[in-house]
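The chains carry the letters A, B, C, D, E and F, assigned in the order they are written, with residues numbered from 1 in each.
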Amino acid sequence: MSITSQAEPLAKIRSKQMMELLASGKRIDGRDLLAQREITLERGIIEKAEGSASVTLGNTRVLVGVKIEAGEPYPDTPNQGVLTVNAEFVPLAHEFFEPGPPNENSIELARIVDRGIRESKAVDLEKLVLTPGRLVYVVFVDIYILNHDGNLVDASEYAALAALQQAKLPKVEVGEDGEVKRTGEFEKLPVVDTPISVTVAEIDGKLLVDPNLEEENMAQAKVTMTLTKDNKLCAVQKSGAGTFAFNQILECFKIAREKSSEIRRKFFEE
Amino acid sequence: MKSSRKLIDENGLRVDGRRWDELRPVKMEVGLLANANGSSYIQQGKNKIMVAVYGPKEAHPKHLGNPDRAIIRCRFHMAPFSTEERKSPAPSRREVELSKIIREALEPAVFSEYYPRSMIDVFIEVLESDGGSRCAGTMAASLALADAGIPLRDLVAACAVGKVEGQIVLDLNDVEDKEGEADMPVAVIPALGRISLLQMDGQFTEEEFAEALELAQKGCRSLYEIQKQALKQRYLPEKEALEAEEKGGK
Amino acid sequence: MSITSQAEPLAKIRSKQMMELLASGKRIDGRDLLAQREITLERGIIEKAEGSASVTLGNTRVLVGVKIEAGEPYPDTPNQGVLTVNAEFVPLAHEFFEPGPPNENSIELARIVDRGIRESKAVDLEKLVLTPGRLVYVVFVDIYILNHDGNLVDASEYAALAALQQAKLPKVEVGEDGEVKRTGEFEKLPVVDTPISVTVAEIDGKLLVDPNLEEENMAQAKVTMTLTKDNKLCAVQKSGAGTFAFNQILECFKIAREKSSEIRRKFFEE
Amino acid sequence: MKSSRKLIDENGLRVDGRRWDELRPVKMEVGLLANANGSSYIQQGKNKIMVAVYGPKEAHPKHLGNPDRAIIRCRFHMAPFSTEERKSPAPSRREVELSKIIREALEPAVFSEYYPRSMIDVFIEVLESDGGSRCAGTMAASLALADAGIPLRDLVAACAVGKVEGQIVLDLNDVEDKEGEADMPVAVIPALGRISLLQMDGQFTEEEFAEALELAQKGCRSLYEIQKQALKQRYLPEKEALEAEEKGGK
Amino acid sequence: MSITSQAEPLAKIRSKQMMELLASGKRIDGRDLLAQREITLERGIIEKAEGSASVTLGNTRVLVGVKIEAGEPYPDTPNQGVLTVNAEFVPLAHEFFEPGPPNENSIELARIVDRGIRESKAVDLEKLVLTPGRLVYVVFVDIYILNHDGNLVDASEYAALAALQQAKLPKVEVGEDGEVKRTGEFEKLPVVDTPISVTVAEIDGKLLVDPNLEEENMAQAKVTMTLTKDNKLCAVQKSGAGTFAFNQILECFKIAREKSSEIRRKFFEE
Amino acid sequence: MKSSRKLIDENGLRVDGRRWDELRPVKMEVGLLANANGSSYIQQGKNKIMVAVYGPKEAHPKHLGNPDRAIIRCRFHMAPFSTEERKSPAPSRREVELSKIIREALEPAVFSEYYPRSMIDVFIEVLESDGGSRCAGTMAASLALADAGIPLRDLVAACAVGKVEGQIVLDLNDVEDKEGEADMPVAVIPALGRISLLQMDGQFTEEEFAEALELAQKGCRSLYEIQKQALKQRYLPEKEALEAEEKGGK
């Protein structure tokens, strides 16, 4: 059951300060409304993973590992590999994260990241078939949140894309009895698009890019828009118990298009 | 999965005979479950969805209560027999996400601040599913909240828009949802003129996105009228009876 | 672990009233002791289900859907189809129903309904074999309680039987590689008996047919007896933390035989 | 599943050599577990069942407590090695149902009203299972309650009756349970002359049902004597020692 | 998550008494520091199990059943049978045992027993292969705690070993289609070593063999050492939130060697 | 599983080129996670482990609190991508055991009595695993406790020793752990000179066991120095800055 979330209450004085700054177009950490926090991205950290990357977005820190195994296709897509995205909010990352099975927040995050990758067709799943209808590559994308300071979605999305771009596909031989053996050789995982998400929060009528945790706790609503390299919108998710005006949504699109291009150029173009 | 089936024919008609901006037939009813404080039923295409609202009641366990407002709990759940293949009764990841998304679409419409330390439960049961079940469920849920007598800023109207063979279309059915090129559910609180649910998958250019948003607004306006009608049908007779009584009393 | 159930307490005045009425052979809702509430039955409601039916018994309201798929037989009955009955007490139906996995009440209900259908051999499971020992039809009977006002067992049993009677069996082709494809054609599911359950509660020495929720909360014990079309007893379940005298049990049989015949004649004979 | 095996031979003897109205050998013991407040062990056919009772103790968590009476918690559980095929340790649907049925068979025998806000735990562990394990478990549980010093209206006696090759028989074993035509477990509280557990599957005509009920009563009467004997064996020596002491004291 | 365990508090007077006795080399139940409680061992109790044994160690009482079925080998040991040890702390055994899935205590116990059997190679798993890589015998060792008065590990280990020694291996025939049928004949399960564990607790600098429950609640730490018939150490587990000095650990080894030989001679040599 | 690979070559070198008593390269860092009260990171062989400590904080739920001391909660958890084959995120039996073992290795080093009714949470996340991950995790956890400012009797140093082709060796890597003949993880609290974690599997004679224990002590001494170095690197600059400031202030 989904239940009204209890945001960490902000001290009154802090929230007053935030609102005053916002009124003059400034944010509590000194950023402009449309400025993202500094991004660092590191690829290829985990040797035992086929792909991996870590992203920091200010104090938010996310690690993504990609594992690739042979497995069965979904019955309704017998001629495609399988992509599966999972997120764990490990209790390292925040005092309020509890160990345990995925909850609605980690499930939502995984599904937003999944949607961006899937709908942009970033991974060419049709190239991941071993025996049509029987055996395909299964690509596990595991998102690990290490420190939570807001905007987990974008940090996760960037780390997932970087890990996929860096991932190597293990060549295998399939024996007569269906046994699968790795040859020891690798190819590149076929990643053919670069979906980039941009999250915008609304506070008091103002639109803020890349909200930090304090801002998320003040915001009524956020929206994440993911764009392909051709600037097509491929995933949207409004989140939080608030609303957007129609023109704000169109405004968010424009912001997302601009910001995603910047990030793509800086980090994801080869 | 792409199929070879044509989704729009040479006359511009969709697989179920509708034009691009046409809604499916829809039926809404209010107040059918005896135990619930409020309830509703919606039938839209093959969607058959029943909603019960329990509350406002004291938050239980107490630590869940919020001193400033009622909290809302929401479950979007699909019956095992509601889908082509039997669905396991355990909540899927999709149902978990939709429960959250729908709760967040309803919350801004509810005057939660009237009921501190209380809890309002919204149970959405999909008895048969078709394209657009989250939108239908959201609309029905807002009707059930109204039926429970919970003060609302307004009802919540919702519909999906999408792209089928390059054409922006209103209110996708199952086939269009699966085989089409984009799907975007939108919920609107008409009195506020604001969007409380927005998701999208597939691909839209900027122009398509703007066009689709416009069409969704239009669809929601029509559905909103049907929602109000459902409430009237339930309460008008009572109101008239009351007025008649009052007149008689004079 | 099973735990003494906490029945919803009845207001003192209400329970006193109920006892006084009972003393003069009347019930709180005006019925005679042996009168059932009004039954309505509707078949074929859910298009995506192979069979479906809804039953109202006064304010009690139950929906049953039947899904039929191909699957493996049980190892100890390789030449029979599989029948499986499941009940969900969805929280729509009563303030005290919580979302979650089946509990002892929903499991007991499902098993009582299952027993009636199975022991009467109502569904001819031997006609549901596709490849002996390997592949059979699996018939899922899913009971959905929509409003709970007592006597869920009988309402569920009637709805399950009606849904099975109305169910269509999808014809399939089994490929050489074991793949199963529906041909698009249907037969009737072979339903060859009409087990009907009747539930009797005991309050203060009196036997009441079809107890409503208030009566169930007052009763110490109930007994459900299910009879085949030949008036054979095929399932019994005493339920509740009370007792019956031996002669009461024999009396219950007579009541059940009479009532089940009425219901069978009215709703289940073709 | 029907087998070709004959379940009753030409001399009217059953697969284990019993006549139709004969019980299996049964052994009951009381007070074997050091930690439990009360405990018992029953061996009946291949059934080997151990029961422990903890309580009455304060209800925990407190909200479970009832101001008017003790609540009873009961678990019927089968060891993984108790069955032909290894059983998963997680409770099966059958075990969940039987836990409830047995609790409801015991409750009317307990003076729960003597212990408001308390809790009595009854743990039934089937170490090896045979036909009639729920009845054996119920009998052993009532002995363990007595051993715990909990005031009872009476013990609970229980046995199954059934139909095998058209013949009503007493106290089914495993094979008769699986291959026979009907199985009806019955529990009786002798002092009240009332039935506290009754289930049945298979098929009975009215006459067979009445005959089976009659036979069950008879079986319960015999078993009740053995139950009382088990208690005596445990407590008589103590009582005699006490009386001898008292005499000596005079 | 593992959490500091709340030992049952001992009455002050009782714990003072225990410490005074210990100071003079005596224990609360009259034993010498290095004396085990009386052991009784009974084999072959459960007819439906392939092997079974019960052990009492003072008031501690454990039953172990062994079930043997055909199943798949682990992928990394295709030419070995499977051994799996499971422990249930059923609520019969102690007021503080709750029904439910295994917790850290029952899992630790099962893993210690497993380690002793596995590392001593007591069961010759290579003799348990039916079809190499495909089908092997799976040996389930299920530990059932019936009464808990301390030192569950040793009682369980002895009962497990006795049950394995007594277990009979059902002969099977494997059909062409992979179906497995028992022939009705049996061999002995190949048990080729006799690992014996000995648990030593430390209280106030003293080492105590076979601690009872009161002693376990006073002890800060225990160590279990398991020795093969050749007096090789094959498993060690320190347990509890305390420590041992290095020389104490070496002392424990000597104690374990002596005690395990005694027990092996008395109960496990044929 | 035994392989034909030689684990020690003719020059006495191990598969990764080390001598029998040589540790793998190890890197430890302290204080990297912004939200945690204390944190640390260790890299040892391919092990990559991050630890966060939250607390001391009020025990929640309250009934968990102990009036005499802080309770410690500990989770040893492996990321799905940390192993050769993807690991399910649900805790395995091995992770449950190691969480307990590590908690019990840390507890004797913590002055828990300073924080009655409190709770200290230790979260150990293995991002990549190699031989000796429980020892590396234990060391890192004690660093994170120190970083959180929790008073300790001392750090906890830990390493595994084992037997490979008959030779006692220090600090097993993955291959030696799997293909070797014995593995014994040991944790030591240097200031107390006592062992707080000890496990072993494989086979040791008495002499081998004594030799291995000796070698483990030696390994722990070296690692302890590196642990202290990691703390110094984090806090020395701060201390020096403070002292400089104080001097400047005079």
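Operating definition for what follows: a residue touches a chain if its C-beta (ideal position, glycine included) is under 8 Å from a C-beta of that chain, and two chains touch if they have at least 3 such contacts.
The shown structure was predicted, so the numbers you read here are calculated from the model rather than taken from an experiment.
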Shared chain contacts [chain B and chain D, defined touch]:
C
Contact tally winner between A-B and A-F is A-B
Whole-Å distance, C-alpha centre of chain E to that of chain F, is 28
Chain centre separation (chain D, chain F; CA means) in Å
53
Residues of chain C touching at least two other chains:
1, 99
For chain D, residues contacting two or more additional chains:
75
Edges wherever two chains touch, nodes for the chains themselves; is that graph a line, a ring, a star, complete, or other here?
ring
What's the ring order, kicking off at chain C and moving to chain D?
C, D, E, F, A, B
Across the complex, what residues on chain B touch chain C?
33-36, 39, 46, 48, 50-52, 54, 75, 77, 79-86, 89-90, 121, 123, 125, 127-129
Would you pull the chain D residues touching chain C in the complex into a rising list?
1, 64, 66, 69, 71-75, 93-94, 96-97, 99-104, 107-108, 112, 184, 189, 192-206, 209-210, 213, 217
Partner chain D, residues of chain E touching it in the complex:
45-49, 52, 59, 61, 63, 65-67, 69, 86, 88, 90-95, 99, 101, 140, 142, 144, 146-149
What residues of chain C sit close enough to touch chain D in their complex?
1-4, 6, 76-77, 102, 104, 107-108, 110-111, 115, 118-120, 220-221, 223, 228, 231-246, 249-250, 253, 257
